[in-house]
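These are the structures, in structure tokens.
Consider the two complexes below, in which chain A is the common component and chain B and chain C are the respective partners.
Here is the complex of A and B:
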């Protein structure tokens, strides 16, 4: 079975955090996307939202191929979270700082993926930091400290390939420790 | 927030004319969709349940067996259909018509109904597939026609 195992990492986080953008920004091929038009409250945040998954892959400098999966952000698609994390290497959690309560979002996703994180590892990328300074990196670290957890936290732009590659490298580094 | 109500508010905000712009209107639209689903079940005894949902995974109208969570079925339907659409397009097979799933205990059909909605139908395992599909197609046409009227 091991020969079939693919090395995959999963991008998750709330609506509009930048999961789809981040995967597109670093992938070697055009990603598989399942975005559809938003309605209602979600439309205020953005035009389209992921309903099944994003998928792509990248070749690392050492020649390893890593598969990238993005989850939908909406909680009604939580059945996809479980499907996509199965056999995953680790988690990239993106948090949109331009949200009324970004630290609660952090709590929510860390709790929702707690089992997977315990078995693997996580890095946190905070997006839209420049747009809204609701919480600073210190605040994220303080919240993690309160939770008794120590994870790398980065400020990133979800659309920047360089930023997202740093996150991925950090995750892979965490996983080898 | 009621989804159907919301859609009409959106249209109004965008300056589009909508047949129904009120709570009453959304209630009427849901009732019409439910009528279509009732008709489907009456015409085709093999249908055990059906749900109309938005492509974004929100439930609009349903006639599901007791114990089915409409929100979960709406979300799963849109995820499955969106992925199937990609698969068919990427294989160069054009636009996807429908997804058929044969389960041990019954079948599931997933179909687009206009560009905003999709219809999911559950049928008995021993049902006549061709017959069920014909009825399903008819329901899809009715829904698409209803929505086209709302969009005018």
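Here is the complex of A and C:
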């Protein structure tokens, strides 16, 4: 994994948050996906899930590529997260608002990627808000306030290129200031 | 006076003696003149009347950011003139301050009651007769909405007697009664704007079946539309401010310049002047952002040392120039405004 490209943006979040769709929405080529059939609780959410990672890229006008990696959704693959984030540009955290406890998911991922976020930056996209109103955007902001963190939070449709571009735009603002 | 709107007074930069003199004067005004005022905390410059000690650092810092609609009583400092500005030389004696406040408060009370209870706001009552004062301005839309949000009041907003928007500050909701009502309100000056208090039941019955919007959204749009060139009351050019949360741009529209300012403030508290320097944006953008965030309660003004970068731990490291170049190319490639 040491040869993994350095110019990369990491997409993370729980199963069903829309990481694969979000990468596909802005990348130049369809993501390479490693999906397998879900088992257990995950099967209730989706039929297949990413067990290793998603990968695609955006080619810049100078020939360089910004690589887009999606982390495995399941916490049991968290050993890969540190490898994936090494030398990354920043983090896009997608939270599925349809999850029974979306704010706990937020806490979990912010804690899991705390070092990477400290070194770079994060933007949070909340998906599936129209499907379940388990938490409002204000609730996410309030939780971040309790944590003493001011991070960009947006309600998005992970399948929408425009929505994902807004996430990236906010991430770039955070990273370049 | 119990049925009258309460006049709020902000003391800014007053020392302990100044505070005592002011408290004595306010007690006399209440007991002997029947004028009751609420004295706000020393760090709250949102009052209808702001008493500023211009010999203090805080006073000099806060004064430039006060709203044009607020009446300013300046104690000490160099002579000042302008709209809604009254000066009083030091040393400030109880009798002199009492006489001055009596004139100011009586005039302001008339205005305040009118703005809250009348459908059509009357022409502003003149300030006490001094050479340096002009008539007090009618409250602008942003002030009216901000006050409604803070005080939980329920209002009907109108232009030329035509009620356009109902606002419920208690539930932080609003309803437009006409298509394009918000834009019409944004477009008129305070002199054309009228508001009156209504009760909750009236609000409920008249908004039944209508789409309710978030008052914060209306406030944000109002602040952005106003493109203010002056910072909100209590925030000067050098006053550091802290962002409590990233604004809800999903609801309030996306602006890349605001992304940059929010990102800068998310890193650490900063003043308006520092934000202009850090972001490279023009002052009007920064003032607009600060005004909008302040209107929806997302900002905290800090004492001057709050902006000291050595006392604040940045949330993340700044990008290297090489990385900035890469990110700029990425923004261009994705068709985003330059980040």
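Convention: the second predicted complex is superposed on the first by the 164 of 177 C-alpha atoms of A that agree within 3 Å, B and C clash if a C-alpha of one lies under 4 Å from a C-alpha of the other, contacts with A are read in each partner's own complex, and residues count from 1 in each chain.
Here is the rule we use: contacts are C-beta pairs under 8 Å (C-beta built on N, C-alpha and C of every residue); 3 or more make two chains touch, one makes a residue touch a chain.
Here the structure is a predicted model, which is why all the values come from computation and not from measurement.
Peer 1: Looking at the superposed three-chain arrangement on chain A, would you call chain B and chain C a clash or a fit?
Peer 2: Chain B/chain C on chain A - fit side by side.
Peer 1: With both structures fitted on chain A, tell me whether chain B or chain C touches more of chain A's residues.
Peer 2: C
Peer 1: Per the contact definition in the header, classify A:137: touching chain B only (first), chain C only (second), both, or neither.
Peer 2: second
Peer 1: After the fit on chain A, how big is the angle at chain A between chain B and chain C, using C-alpha centres and going to the nearest 10 degrees?
Peer 2: About 160 degrees between chain B and chain C, seen from chain A.
Peer 1: State whether A:153 touches chain B only (first), chain C only (second), both chains, or neither.
Peer 2: A:153 contacts chain C only, not chain B.
Peer 1: Considering only the touch criterion stated at the top, classify A:53 as touching first (chain B), second (chain C), both, or neither.
Peer 2: In the superposition, A:53 touches chain B alone.
Peer 1: Would you sort A:145 into first (chain B), second (chain C), both or neither based on which partner it touches?
Peer 2: Second partner only, chain C.
Peer 1: Of the partners chain B and chain C, which touch A:175 in the superposed model: first, second, both, neither?
Peer 2: second
Peer 1: First (chain B), second (chain C), both or neither: which does A:34 touch?
Peer 2: In the superposition, A:34 contacts chain B only.
Peer 1: In whole Å, how close do chain B and chain C get at the C-alpha level once superposed?
Peer 2: For chain B and chain C in the superposition, the minimum C-alpha gap reads 26 Å.
Peer 1: Over in the complex, which chain C residues touch chain A? Could you list them?
Peer 2: Going by the criterion above, the answer is residues 243-246, 248-251, 254, 256, 259-260, 262-267, 278-279, 315-319, 323-324, 326-337, 339.
Peer 1: Going by the contact rule set out above, which residues of chain A touch chain C in the complex?
Peer 2: Touch list, chain A to chain C: 7, 26, 58-62, 64, 66, 89, 117-121, 137-138, 141-142, 144-145, 149-156, 165-166, 168-170, 172-177.
Peer 1: Under the touch definition given earlier, write down the residues of chain B that touch chain A in their complex.
Peer 2: 1, 3, 6-7, 10, 54-58, 71-72, 74-76, 78-80, 82-83, 86, 90, 116
Peer 1: List the residues on chain A that touch chain B in their complex, please.
Peer 2: Where chain A meets chain B, its residues are 32-34, 36-43, 49, 51-53, 72, 74, 76-77, 79-80.
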